[in-house]
Amino acid sequence: MAIENGNRLDALLAARRATEALCAPLRTEDHVVQPREAVSPPKWHLAHTTWFFETFLLGRYQPGYHPAAAEYAFLFNSYYESVGSRAEKGERGSYSRPTVREVLAYRRRVDESLGDLLASPLARNPDVEGLVELGIHHEQQHQELLVTDIKAILHFNPSRPAYLEGSTEFHPRPAKPESNPASAIGLSSPPAPKPRWIAFPSGLREIGWHGGGFSFDNERPRHPVFVAGFRLEDRLVTNAGYLEFIRAEGYSRPEFWLSEGWRLARQEGWKAPLYWEEIDGRWSEYTLGGTRPLDPDSPVCHVSHFEADAFARWRRARLPTEAEWETACIAGDAGLLQMTGELWQWTASAYLPYPGFRPFPGAVGEYNGKFMMDQMVLRGGSCATPAGHLRPTYRNFFPAATRWQFSGIRLAEDG
Amino acid sequence: MAIENGNRLDALLAARRATEALCAPLRTEDHVVQPREAVSPPKWHLAHTTWFFETFLLGRYQPGYHPAAAEYAFLFNSYYESVGSRAEKGERGSYSRPTVREVLAYRRRVDESLGDLLASPLARNPDVEGLVELGIHHEQQHQELLVTDIKAILHFNPSRPAYLEGSTEFHPRPAKPESNPASAIGLSSPPAPKPRWIAFPSGLREIGWHGGGFSFDNERPRHPVFVAGFRLEDRLVTNAGYLEFIRAEGYSRPEFWLSEGWRLARQEGWKAPLYWEEIDGRWSEYTLGGTRPLDPDSPVCHVSHFEADAFARWRRARLPTEAEWETACIAGDAGLLQMTGELWQWTASAYLPYPGFRPFPGAVGEYNGKFMMDQMVLRGGSCATPAGHLRPTYRNFFPAATRWQFSGIRLAEDG
Amino acid sequence: MAIENGNRLDALLAARRATEALCAPLRTEDHVVQPREAVSPPKWHLAHTTWFFETFLLGRYQPGYHPAAAEYAFLFNSYYESVGSRAEKGERGSYSRPTVREVLAYRRRVDESLGDLLASPLARNPDVEGLVELGIHHEQQHQELLVTDIKAILHFNPSRPAYLEGSTEFHPRPAKPESNPASAIGLSSPPAPKPRWIAFPSGLREIGWHGGGFSFDNERPRHPVFVAGFRLEDRLVTNAGYLEFIRAEGYSRPEFWLSEGWRLARQEGWKAPLYWEEIDGRWSEYTLGGTRPLDPDSPVCHVSHFEADAFARWRRARLPTEAEWETACIAGDAGLLQMTGELWQWTASAYLPYPGFRPFPGAVGEYNGKFMMDQMVLRGGSCATPAGHLRPTYRNFFPAATRWQFSGIRLAEDG
Amino acid sequence: MAIENGNRLDALLAARRATEALCAPLRTEDHVVQPREAVSPPKWHLAHTTWFFETFLLGRYQPGYHPAAAEYAFLFNSYYESVGSRAEKGERGSYSRPTVREVLAYRRRVDESLGDLLASPLARNPDVEGLVELGIHHEQQHQELLVTDIKAILHFNPSRPAYLEGSTEFHPRPAKPESNPASAIGLSSPPAPKPRWIAFPSGLREIGWHGGGFSFDNERPRHPVFVAGFRLEDRLVTNAGYLEFIRAEGYSRPEFWLSEGWRLARQEGWKAPLYWEEIDGRWSEYTLGGTRPLDPDSPVCHVSHFEADAFARWRRARLPTEAEWETACIAGDAGLLQMTGELWQWTASAYLPYPGFRPFPGAVGEYNGKFMMDQMVLRGGSCATPAGHLRPTYRNFFPAATRWQFSGIRLAEDG
């Protein structure tokens, strides 16, 4: 662990302040509601990340530490079986207390104790070091969830209020114009770049994290995988490309869909990506900056795995496996655009343990491993992902039905 | 209609202020949540009562009136089919906007327009007069619902915060000591008064509203009913009395229960009235003043019709019909205690139209009549009921499974 | 009890044989299925009525009687809490054993033991006498349920097989032509008779069973009721009359519907009575004799209380109370048609205990009383009702949503 | 395709007769019921396999063929979107018609037409050849489903009737005594053989079908996979071994369970494999030959993937991937026991397309591919699997919660 203590406290506090900054534009009421089970109230995120430090760090390593309130363990434990009973996930939006103000005071109290701990000799205990670093990354994961949950919460209101009026901060960008030869010859408004297929040869590759710095347990160990030759599209599927699928009646043709996806699309009445709306033949999209006309060149966002997969089949292509995606991502000079930091990219891979996977030791062993069933891997990181999480080996995962994350589509085909 | 215009505006504004005063002790967050479908967020009550005036009065009678916001009709329509689509009842707690502050501004705006309307010649239009009066009574009905919903909301929090610490404002009182002969001989702590049966003879009676002043459509018309001789207990069943039922294993003996009540009690794990808790053999009760030891002499509160009925059967008694209750209530000198203003009293009568029933004219015809199915009548009014609603003919109604209202038990038997 | 022992056994065996005769036209497979929770497999009815005699009569009064099979108590107890655990109602169609043949053997075995019991001195024990009579009436009630359940079972098959091809045995008849003055003047195909209103004056009436012979506990005691003046239509609402409601968009106009009925009609997609079908603008109706064109003059059948009530409101009328219906029925010379033996007639009365109601003694006290909640009373008896149950005081009851019973509509209005 | 026409018809008819033979020991009633949604009535299997031939073969290739009955397409289509609407899966047990006799006549009718088709020149059409072969394999897959569904159906009856009293035909066998050195030294009752770990080295392997003969689309194409060194236990986990897990409180310790498995085990009250029962400390097991004492040496059967995975984690081992399993299976001289024909063996692999997967052409393209989501692969084939399906490349798949299939556990660990 290379960071020295003072810096580690700085990093910790920076992460903590960043979480609070995300909530600053919200009204108090926006912190409280839970319009769907998957969406947690912002108040809950603020408290849960704090409880994580309190429970796994302060409660175990800081002598004489007393938890802020007895009921917080019940209210703010997300899913850790080993640390006691907890509220039903679907009821997080039914609790009015503690208030936002009380949660912020709770954050302050725990931050102060963390400062004390990191100023003490215990700060050099490797377990403490590891948990501080895990806690920072955990906090950052919840920063992205805050963005996705805030979007769902605000959108649920019929008035569709903006989070930051006019802002494009949390919105994926079109593939850069400079990557488009047209822009080089001085066209003021260049036509959308045409996607190209980038080929990768067969071979035995290595995927997974190695080397120094932080990584999650599920990215390890690095291991060999045979990857047959394949091609990736050099950029993400655009809104314009996805509209063609809609106009080709893609949502009404079962031959493109997995069985469960077809059933779900019928049941839920899916006709377009989440947050799209058609009025008088014109499509608009709700963003955190407000509702705006659909930009044809921006990558299509907020699609489920089922939609991404159906779209790919309609295009006579497929989604990449996570090994293909990672292989391509680290290839470096391949000319691939929008690989990280725009949208999470659904892969064709189920979220399963890597060969030789070992969970984090202790109670935080429940962090990742126990969810390795019935979920699909996403790669790349989105416009809502903290910068430190944008790495080729990072494995995000959600059920195939998930739409409220910043998820998009990159096509692959056999090489 | 006897009230003159100035007074009518005063009465209206007094009712409006009273609603807001009930919310004053709440935190912003308490206004937002909906822990069960039946419980509406206080923010919703504040807005819905306002929408009622806006829709049925201002929108129809005030020339040039523009609704405050287009989406309020969707958000704050409770159940009126004739005035457009509306949000699902179970999703009222999923909306963060408008905020509490915006709802209070909405109230102010509508109050001002109501003031304008009542200062104009339109104020003497009998339809306007009728709707103002109905709107006031509607507002008052929601005042009681606010109290019951606030109790449910605060209680759902594991910290069980008080609404007004130590207050007994919204808590039923024991039968008055002066009604107890023991108190006359100077005992400092008189034993609980022993209930007595009061007998009423057979005869043809008249029940239902007549005469001047406001009444709801469901209280009319006054009509004859033959009532066989019966007896009522002179007071409500006490906590001590109900504890005997619990100790006699009443919750585990199907012979006392209606079939659906038995099923529900199993499914929900009912072992005692809502808000009761037993710790180490001692019973306490959550009240709006905080949790406190169960008072044996106070009337048992927050029981469903099923529990009231099972208790009565265990006592070899029954619940009174609404005709019996009303007959007894107006008998006057019968020595009955706690008939009004303590607890709603479950009756053995289904909520059905009186012979000759006519709903309110127009859209407000949906007010009462369309709910006359699968509900039971309660009589008497509770400690949370506005004074103007405490009258012998008032018919409250809820499904037999309801527990979160201030509902208690008065026993009857054949005469 | 007037029937002497030999006759009583004859009556018992006649009832038993009648039940089996109803199943004779069925295939084995038709005995097994349960297309909706409310519909029991015929095999279950055959066994349950047998279990009733075995449990309440043989097991308690016949010395040395051994139940046929230990698991029958679990499988064939309908709802008696006092005699042990039982299968979920919704799973009755999930059991393949005992087979139909085994159930018929079970019937034979129990019938023989009943013969022995009734040949012994115990037959004169009044409790035995009472339970034999109750068992016969219980068996007959299940005969009607068999007819309604068989209809539901056969209709669920896409091939819509007839029970008895071409038969009109279980189908209500039009009001008799001779009741139509038009028929007196010799028209070969007389126009449908026009319904007339029959008036009944106000007064204190007595309703409920009195005198000798069998009655159910819920028909007693006879008691006075004040009935205000009212009018009844002299015949049941016809298919033609109901079609007018459909053509007037009655199923799409909430102003006619109770709130819960409106919700349910939307959810279930009700557009016409159960068993009606429209193809190319022509209506047909599934009957136990097969599908046939809708007869305009026959009474409309298989409507829920919600539909009956909405229809009545559309006609600016209402449903009769059970006191009105019974008063009219016993009036005798009133010229009313189709009062009994055609269709059950929904009343405006909730199913509640009569004043002074006492359940049957012992375990069979669960027979009727515990269902007195959230059900509506029907009167009159249908074309599927055994003759011995067609009496003015008989109270049938079902939830307001029920459609698969032979239920129709008689209109009332204030006098 | 090597089979010549006469032989192909023989093979076809043999498969058809085998299906019917499986149903021969059943009562008519056993053919009808559906105690859980996943379990289809035997009558449905008999008809669906027939509909498969009728729809995909006769209807498309036999000139002038008329379907047996219009409604069969609705009733017996399992999941093919391209051939019209169909009954809900959960309602298969709600149809009484066609009867078993009618279904058998339907089988006969279709078999005769198939005979005609195969006697005609069309029999040499490669599409016809392919569909005949697919139809045979489809029929055989349903033979295994028939066995598992019959077991579920009979077991649901409280009397727990045997399918074939005393038979062990559909029951997995202990690892053969001759494989146990103890038996060589003449012990009459040899102790259970102790499992051994068999090691396999790292390397690039090929898995998937190649060569001639029939295979399903999901077994293809053969492709290279890198497999790291691993070990497999030489035999299946026994009942005795699994009992240790139960006695070690394995069902109550969340640390061994996937999150969804833990939730499900709580919800369903899992305490042991399906069909096990403990009475007075003695375990018995329901089998198709009747209930019998648990044999400690037989392989544990009817466990979900969640249970297999939790058991493996408790043993500090894991489940094999499908590549490991297939590699080991074809290694030949490795000394592995019970690899095929005893129990399906849960793997750690999600059911996903092989690289380069192509579904069957035409409507039967829905056969396998559209289910490649949220299911786990099982390998090896069971005691209920037709012999022709016991091959190393065969991929069976079920959701991880599945217990009613003949599924067992083989342990793996890193090499």
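As written, the chain order gives the labels A, B, C and D, with residue 1 at the start of each chain.
We adopt the following convention: a residue touches a chain if its C-beta (ideal position, glycine included) is under 8 Å from a C-beta of that chain, and two chains touch if they have at least 3 such contacts.
Computed from a predicted model, the values in this text were never measured in an experiment.
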Any chain touching chain C and chain D at once appears in the list none
Max Cα-centre separation from chain C goes to chain A
Note: chain D sits from chain B at a C-alpha centroid distance in Å of 59
Distance in whole angstrom between the CA centres of chain A and chain B is 47
Per the C-alpha centroid definition, the whole-Å distance linking chain B and chain C comes out as 38
Where chain A touches two or more other chains at once, the residues are none
Inter-chain touches occur between A-B, A-D, B-C, C-D
The answer for chain A against chain D in the complex is residues 79, 81-82, 204, 223-226, 228, 254-255, 257-262, 306, 348-350, 352-353, 355-356, 365-366, 370-374, 400, 414
Interface with chain D, chain C side, in the complex: residues 27-35, 43, 69, 71, 74-75, 91, 93-100, 153-154, 156-159, 161
